[in-house]
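Here subunit A shows up in two complexes: once beside subunit B, once beside subunit C.
Up next is the complex of A and B:
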């Protein structure tokens, strides 16, 4: 298919259809309402289901019911709406139901604002709802990557029978970029969905639930979930390196659109003769912990700089990855304020100054 | 089979042989049976999905020989909506108590009813939170003693009990709303008809149907089963009048 110019929210919607999504449930919230508006027309054309629920609480529970049929279903929302969905997300993780949830993040806490932010990192990556579970979390940095990851999200949800969350900040939803869709979404074969509720015809009833009153059964279920998360860590880690070389003295770690702002800063610095590389996690769970560690401990790296639109959330995971082997510095803007490339450059220059002073001290 | 040994009464096919966990005198068992008989009569057991609530009937999926989902507290109508919309060919019902439906799940039931979701809700009203040990529900009668209103429900502080079918009957969309009771054999026969009709309406694609069944909770009411049935007749029936509050056929002209 030819390249088309599309707004992120609409491209995400179209990508879901390419991946075979048959049901979409929504509640309006800025900055992602265009997904719903797009699908309100498009779902009719493709014979899928579009339904606007009465609240995000209901929407996520509709998704629970719909996912139980084994068909591919999804929802999209933004930060405060995603908070309301946590109940059903926890239940779906417990009941091992596949579905895709997109969070086009805005600033928080509370009603916060409507401008781009990355302050739902903890909520997405560390659980969000109650209980021992994880979501597989994908973080695109371009509209094309949003399309690619959206399709992948449905595959991974089915592969692991687990909700998959794709998080993008408001810019991902709102900006327009050229994108290309495949004619057919090619994916590795998946096992048959033998667990679905389709009516107990010639078999014992299927009960889809997260309730295990016997603590030993609940513990067993929790460890089963844990095994899936371990498998994700082995098989699903995705990341990208940008201008990483032995000349780098500093390694930036950044994700989503913030990583693109960092790229601009890195390109400008390169012209000025300063070499900086970047590690961009694409999966936030599983987090590329060993991979970041490996890059950070390289002899040429003196400092790691985490750049994100929050008050140091991913920072904690990067620190855990680096294990104190190198200083991990932080630069963040939040509340809907987007960092400028100049600000990132300024942070780099400060680190270089610091490194020079340390070197001079060592000599003295 | 000879005339003398003909089976005239048996466990419905839609029920399993599992012994229920309900307290002596609890009417959940009767109501389960009414639902199972309706599924048997209509021949839809193999094409049915039930949605379980949180409450005393949380384990209903152990007693029915049909596929089941176990919903978060109050959200059964949202799950049923999502499922039925994806599988309109299947028969879907929710089974909910008064705490589940009239308190925490008020939003979900009203909007499912108003969208005209084509599933059936079995609403069991015993005016109390049974599973958690007898706390006040939105349906608790004025003056009724519970563990969270030990001096009796004070309507000046907590308002009057919610009459759900009357509330839902204010909506234009629902197809069939009826309140019945199960405290005497005669009432059980009437309840059976209503439950069956609710499922028939679903099969005929007429829209949302809900049957409210007045039920007893001898354990948390602090009564013997027969005292509880008598108390229901004397106290619940005057506040919760039985009858049909909405019928698609009759209501069509009203819309």
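Up next is the complex of A and C:
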């Protein structure tokens, strides 16, 4: 297929169709409403279901019901809307239902603002709803990657029978980039969905539920879920290294479009003779903990710098990965303020100054 | 004056009310900003004072209001909501907007939101436009999903006319793929603009493209006036 120019929100919508999504439930909210607007036109053309609910609560529970049929279904929203969906997300995780949820994040807490943010990190990766569950969380940094990960999200949801969340800051939803779609989404074969509730004609009913009054049954369910999360940790960790070399003295950890701001800073510093590398997590759960640890403990690295559009959320996971072996520094803007590459450069120059002073002290 | 502007025929737009509409992401804001700059710098004898009105009530980011400071340096008046509302994507129609249209002084470039949804705001200003001479220009980008074919463009143009209660006077050929744009992209887009022009009997008022790409194109290949673009609405890492 030829390259087209698309807004992230539109590209995410089209990618879902390419992955075989048959049901989309939505409630509009800035900055992700174009997903719904695009699908209002396109869903009909592919014979799928487009349904705007009366609220995010309704939408998330429609998703719960539709996911029980085994069809590929999804929703998209932005931060406050995702908060409203948490109850049903927890239910779906408990009932082991596959579905895809996209959060195009805006500034919070509360109603916040409509500009880009990454402050729903905790909500996404630490379980925004109640109970022992996790979401598989994907974080693209380009529109093409949003397309690729959106298609993958449906596959992973089916593979693990678990909700998969893709998070992008508002910039991912709103900016435009050239993208390409495959004619058909090629994916590894999945086991038949033997659990679907599609009408118990000629067979025993399949019961899909998250209610287990017997504590031993509930505990068993929770450990089953836990096993899936362990399997995700083994099989699904994704990340990218940017200009990582033995010359680096500093390693940035950043995700989403913030990583692209850091890339610009890294490229500019390289021209000035300063070598900085970056570790970009693509899966936020499972978090690339051992991989970050391995990079951070390398001899040449003196400092780790976490850059995000929040007041230090992923920072906690990076600290957990580095295990105190190296100083983990933080730079963040939030509330819809997007950091400029110059600000990231400034932070790096400050760290270099600090490193020089430490070295001088050691000599003295 | 830049190289491209000298090599190509400049757009023959002398002033008045110029309304820029089109599909989502066709490049209306960037075209509006650059058109206002062109008018104030090259056509100042005929345009009178130039103002730009950000009438985008459907997009939250990448709107012409983000370039307001740059434009004001050039003497272009920029009409935008103030304070926190500057950042909102609410249907805020300032009283100044109606006033600016009704005064019929100088030149007003109206940067309108995408699709028929974005153009509906013009319908609410129908009284202000009454009896006015205006240009309603359709920004066409052939690489956008809903305007990739002549049929798609005609459908969208008809929807925009209905929503805005105004009639088109021309087409702006603005086909691009951002940083991946090349000569072929621009010429393919121009061919589609001509097809739409044949179907609608509307002229291609001008072609707009980034200056650095225009510099490499043989002017003979472009048979319409050209507005060279300098991007002002950049991504944070650009």
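A few points about this structure:
The criterion applied here is as follows: the second predicted complex is superposed on the first by the 364 of 364 C-alpha atoms of A that agree within 3 Å, B and C clash if a C-alpha of one lies under 4 Å from a C-alpha of the other, contacts with A are read in each partner's own complex, and residues count from 1 in each chain.
As a convention for this text, a contact is a pair of C-beta atoms (placed from the backbone, for glycine too) under 8 Å apart; a residue touches a chain by one contact, two chains touch by 3 or more.
Treat the numbers as computed from the prediction; the structure is a model and nothing was measured.
Upon superposition of the two complexes on subunit A, no clash is found between subunit B and subunit C, which fit side by side. Geometry note, superposition on chain A: angle between subunit B and subunit C about the Cα centre of subunit A is 100 degrees, to the nearest 10. In the overlay built on the shared chain, the residue A:313 is in contact with neither subunit B nor subunit C.
Contacts of A:63 after superposition: subunit B is touched, whereas subunit C is not reached.
Of the two partner chains placed by the overlay, neither subunit B nor subunit C lies in contact with A:124. When the two complexes are overlaid on their common chain A, residue A:142 makes contact with neither subunit B nor subunit C. Of the two partner chains placed by the overlay, only subunit C lies in contact with A:263; subunit B stays clear of it. Of the two partner chains placed by superposition, only subunit C is touched by A:336; subunit B is not.
After overlaying the two complexes on the shared chain, residue contacts for A:254 are found with neither subunit B nor subunit C. For the overlaid pair of complexes, the smallest distance between C-alpha atoms of subunit B and those of subunit C rounds to 24 Å. Residues of subunit A that lie in the contact sets of both subunit B and subunit C are absent, per the superposition on chain A.
Here subunit A touches subunit B in the complex through residues 22-23, 25, 49, 51, 53-55, 57-59, 61-69, 71, 73, 87-88, 91, 95, 197-202, 205-211, going by the rule given at the top.
The touching residues of subunit B, when paired with subunit A in their complex, are 45-49, 51-52, 58, 61, 64-72, 75, 78-87, 90, 107-108, 111. Chain contact summary for the complex, subunit A toward subunit C: residues 3-7, 10, 14, 30-31, 34, 37, 41, 113-116, 170-171, 174-178, 257, 260-261, 263-264, 336, 338-341.
Note for the complex: subunit C touches subunit A at residues 24-25, 59-62, 87-89, 117, 141, 143-146, 148, 176-180, 235-238.
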